[in-house]
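Worksheet for the structure shown next.
Order of writing sets the chain letters: A, B, C, D, E and F. Residues in each chain are counted from 1.
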Amino acid sequence: MAESAPTLLVVSAHAGDFVWRAAGAIAAATLRGERAVVVCLSYGERGESASQWLAGKSLDEIKAIRRAEAEAAASALGAEIEFLDGGDYPLVETPELLNKLVHVYRRVQPTVVLTHPLIDPYNGDHPAAARLAIEARILAQAIGYEAPGEVLGAPPVFFFEPHQPEQCDFKPNVLLDITAAFELKQKAMQCLPAQKHMWEYYTDLAVRRGVQVKRNAGPNLGLPVDTKGEAYMRYYPQVTDVLE
Amino acid sequence: MAESAPTLLVVSAHAGDFVWRAAGAIAAATLRGERAVVVCLSYGERGESASQWLAGKSLDEIKAIRRAEAEAAASALGAEIEFLDGGDYPLVETPELLNKLVHVYRRVQPTVVLTHPLIDPYNGDHPAAARLAIEARILAQAIGYEAPGEVLGAPPVFFFEPHQPEQCDFKPNVLLDITAAFELKQKAMQCLPAQKHMWEYYTDLAVRRGVQVKRNAGPNLGLPVDTKGEAYMRYYPQVTDVLE
Amino acid sequence: MAESAPTLLVVSAHAGDFVWRAAGAIAAATLRGERAVVVCLSYGERGESASQWLAGKSLDEIKAIRRAEAEAAASALGAEIEFLDGGDYPLVETPELLNKLVHVYRRVQPTVVLTHPLIDPYNGDHPAAARLAIEARILAQAIGYEAPGEVLGAPPVFFFEPHQPEQCDFKPNVLLDITAAFELKQKAMQCLPAQKHMWEYYTDLAVRRGVQVKRNAGPNLGLPVDTKGEAYMRYYPQVTDVLE
Amino acid sequence: MAESAPTLLVVSAHAGDFVWRAAGAIAAATLRGERAVVVCLSYGERGESASQWLAGKSLDEIKAIRRAEAEAAASALGAEIEFLDGGDYPLVETPELLNKLVHVYRRVQPTVVLTHPLIDPYNGDHPAAARLAIEARILAQAIGYEAPGEVLGAPPVFFFEPHQPEQCDFKPNVLLDITAAFELKQKAMQCLPAQKHMWEYYTDLAVRRGVQVKRNAGPNLGLPVDTKGEAYMRYYPQVTDVLE
Amino acid sequence: MAESAPTLLVVSAHAGDFVWRAAGAIAAATLRGERAVVVCLSYGERGESASQWLAGKSLDEIKAIRRAEAEAAASALGAEIEFLDGGDYPLVETPELLNKLVHVYRRVQPTVVLTHPLIDPYNGDHPAAARLAIEARILAQAIGYEAPGEVLGAPPVFFFEPHQPEQCDFKPNVLLDITAAFELKQKAMQCLPAQKHMWEYYTDLAVRRGVQVKRNAGPNLGLPVDTKGEAYMRYYPQVTDVLE
Amino acid sequence: MAESAPTLLVVSAHAGDFVWRAAGAIAAATLRGERAVVVCLSYGERGESASQWLAGKSLDEIKAIRRAEAEAAASALGAEIEFLDGGDYPLVETPELLNKLVHVYRRVQPTVVLTHPLIDPYNGDHPAAARLAIEARILAQAIGYEAPGEVLGAPPVFFFEPHQPEQCDFKPNVLLDITAAFELKQKAMQCLPAQKHMWEYYTDLAVRRGVQVKRNAGPNLGLPVDTKGEAYMRYYPQVTDVLE
């Protein structure tokens, strides 16, 4: 069995989550010429679209708006995107939604998976998405699970950063240098005009994580002053043949 | 400032610890042509030399025996070794011993550090060694600390596996493939003839960790049946520009 | 938008839970002239009514008994009470029950929420109630969630004390002085005659928590010898403009 | 009410789990003349039968094969076995399955319960089985829960060892000496011919846990060189009248 | 090497600690005809003798008072007692004090050890005593450590209950039935007349822990209504050949 | 005994720490007319003065520079400051330094204490300062500890935010609104010209913590858009008579 080509799968609870929290990793992958696929389990139509509700939009209109924004952001990052429309607030972990996600895994054959952390006291959909992403990955590995495509390998899973990391027991063990990818992340953020205040917020966060990249890499490594970073939490042990 | 050549520093509480727990990582480094330096804070003369005490040896004889064994094992691994003779059972964290270790860091300029985990309910010297290794690394980074040599960068620190991992809150987040290096590890273990029963024990452990290497790498990667592994716990976040 | 009047909402898995564990906080609120609303998700008809079952009562009789007792206790505390009759042993987290609870939040507009802790190895209904209380609070905050009433603010959530606190990872970070309210708590407890042995048990607990109130407040503060307390665990960070 | 005769209940997610992880405890019980009952919630037909799927067997054939193997293994251990056929990958925690398990508890009246740990990042069915085992035990204790048989007492619950213990937060607090029972465990393992590589793996594990048995019991106790062990995690506090 | 006769060693930071927290276990042992030895590392002369300081006593007088009280309490329990006079507030972990304690271990040859838990935010001496007790036990096991007497085995270590258990991460995993021993515990408490308010406090605690003994043992076991308990935390895994 | 006037004590490992991490809380206190006292255990002369060492300053010059900066910053905040000159890198926890700090507590009679968190993998001096602050507070409470001044009450202790909060297990449970105090914090930061890049960094952090203040306080409370915050971790339980 041949090793798969590097392919990134991002499982996002709502339409916008992957932009703020993982756009750097996505752009870094596509800049290396790798495939990246984003799956939005819902549009975030009820829980993360306050301004549209205030503007009196209907549910269908809101879903369309969020979808268009997310497609534009994915496009800016060079990533594919699909929507499972599982509903949000709450995102219910139905057998059907789980099964759809297993099919995605079998079809896409990701070599790396990104999703939300398993704990979030402010948002029940985020941990639900994480549980779905992890459970579907395990099911896709089983030859006895009926779904088209090859049985999945064991792609590593990384949790991206939540809004209040300390309250989510988010202790990053991977700091990703996204300096080269940051311009694309900015473009992707600008595809979400309703949350303009977030642009600056997540730029500041990239600076702060960049400071930590430099600190943990060591001051002698000559990283640029404007190094940008994203923080991740590896869920399974890293397998390697070099400690570094 | 130029990036340092890859150099491994292993801080070992007693003379034998680095063999059982880290010989695979050491041999993997030297097989890549890299430098590896082992520092034994003590000889393990009181706490880990029961058979010699039962045989009626004197303290000095025991220290000489343990030193010779450790030198032979290091030599088998292609590593340098030095002894700080800080005394064991208990290994006392004196300012002098800490200072000696800072000097080692400044001189050796390690790019990777291995040591014991910070918790061990069965052995107080192991956590003491870990605390010394971590504190000395921090001090060696400070330009204001007086010791010869360049200021240290920020080498990652990995904890190697203790004898009863679960009791030491040892949750490995790195599984190192030591298949190619395992022959050298076996030779190093054979340099410690008084603990012959440990040879098999740590061979079995390498098999078990190898099974986990294969499981976490994914069944499709074509790793050989006899893959061997060592488990490590990364203390600081990994810095990388690729999630994998 | 005006700040809401102080309103306490207590989400209780079974009919009696709020009395033993939170009656002090409830009475303290009503004594200050504030509104307090208790929601019982079930009557505890199967799991917490052993003496009635032994006496040969029917399910409906038991529910009526438990309801009357809880109403009397709430009345003694000056609190309102409602019953969602979700069934117990097990308390199943259905979408319908969750939705009912969201409606309560939107209607009551609590400024403080009390519920069970999230872990209880002795009782699965207690963590289920806590999950429902937390999830419903989040849903009630979303403008896109369809339910009558204003969108909810961000009321703090406190977990009250379980029967075996250490086994529930219950580490109190708030000690509430209930000295003035304790007389009402005693009256409320006396509304539950089938559990007479609990009266003394929870009086002793109030004394013990009162000792901790005094110890943590400092011996110089002049708190009375008979200070009584209840222990709580704050789930979200405290927001304040004074550290004290 | 008379104290029940010692009876062991093992709740296993899949047909083979009880063999690898708990056969020593089961055989130790039956060798003492006690009753042991294994309940398999599923056959592991989809998730743990890769070789049969590769051999082109049908679902029904695979279930029959797994059932026959498990019956043979139970028989070798002197234990009874029953199958709830709840389906695997995923094992869904339905009210029906939970209710069936409550009936088992009421009928069998176990004095000790063994099951999987509550965390397993590699297998969602194992924690699901543990949650079912714990919840059913609580329900069986309630006189108000309708099911035939006496109300259950408070049997202790022990988690048996998962495949990657450290990743499952498995910190053993009980080391069971299975030296005398080990021969039966080997016979039971040999009833599972499709997983021949596991025979050696779990023999090695028994040796390693046996080394820990000796170390924690103390070197002076005269335990034999070939002491074998199994590791367990006690979920509820031990009740005793002697500290030892 | 013969197995030692059952011998209990209690390592207490201050003169009174062993009475409130462990007198039940001590009396239970001596009532079984076993030897029990209490070692007080200090008299608690500065930190736990407020009433004597307020009464204007000198340091030497206070030490004499505390010593006499502790001797009377030990006598009431049928236990031996010795005092290492290491000083309190703070109790400093000197090499000399550690060495004295190793000598005690070698001389007494305990088969069970009781001490304080390792965490206490209210009292630095308690964790210091625990660290000394654990480290001395390890040193006494090493044949190379110079001290008279046989090398120590591996006696289990239990932490007794601190004053604010939840703040000390004290999660009891052993509930000791001290019903039969409770009368002696009361007599021992009465040997400490300056802390009369503690008599009732620790009687209430024994009742509460007794309720948990009954709950965890199971309602069917016929334990008496007035069961009394003490809570402990086992530090090393239990070694056993029966799960119960 | 009268209740003390509100007095804030800040225990800082190095001269600059209190500015970046706690200046908002200090200024908030002094703006309310309360007393605030900063104690710097060292000047940070070796570990946190890289630019001065690079500029070729002597140790004494560097200490003088750091002292002058810290005095200016304290003055800008309206706080008193004192220096114990205990030395840094490493900050050694000597009995003498501990005793000096007890004297400070007895003299200042703080009602609130701020210090570093107990864990910091990047800096050994910070946890050392925290241990000293906590231990000295306990000693100052004991009437038997010889030092001038009244016995201390039980002032709450708050840990301020470290540079990499998640790596320090820093999970804030108090979010302090420092909007009104922020102008003074900026002035204090400007007293540390060698670390100009930190001004922006800690301004950004204040914005981010301000966002969390608003989120946790609830969107309806009408907090201004430019709310600024500081995060703290309360070490002892909060004592209160109102849950809010």
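Just so it is clear, a contact is a pair of C-beta atoms (placed from the backbone, for glycine too) under 8 Å apart; a residue touches a chain by one contact, two chains touch by 3 or more.
This structure is a prediction, so every number in the text was calculated from the model and none was measured.
Listed by label, the chains that touch subunit B and also subunit F are A, E. Should one ask which of D-E and A-F has more C-beta pairs in contact, the pair is D-E.
Among the other chains, the CA centroid farthest from that of subunit E is the one of A. Each chain gets a centre from the mean of its Cα atoms; the one farthest from the centre of subunit F is D. The interface formed by A-D recurs in B-F: of the pairs listed in B-F, A-B or C-F, only this one shares over half of its residue-numbered contact pairs with it. Each chain gets a centre from the mean of its Cα atoms; for subunit A and subunit E, those two points are 52 Å apart.
Subunit B and subunit E have CA centres that are 37 Å apart.
Each of the following residues of subunit E touches two or more other chains: 122, 167, 172, 212, 215, 231, 236-237. You'll find the chains touch as A-B, A-C, A-D, A-F, B-D, B-E, B-F, C-D, C-E, C-F, D-E, E-F. Per the touch definition, subunit F reaches subunit E in the complex via residues 95, 98, 134-135, 138-139, 142-145, 235-237.
Contact residues of subunit C toward subunit D in the complex are 45-47, 49-50, 53-54, 59, 62, 89-90, 92, 121-124, 167. Those residues of subunit A whose C-beta lies close enough to touch subunit F in the complex are 122, 163-167, 169-172, 201, 204-205, 207-208, 211-212, 215, 231. In the complex of the two chains, the subunit A residues touching subunit B come out as 1, 3-4, 6, 8, 25, 28-29, 32, 111-112, 114, 153-156, 158, 172-178, 180, 212-213, 215-222, 231-232, 234, 236-244.
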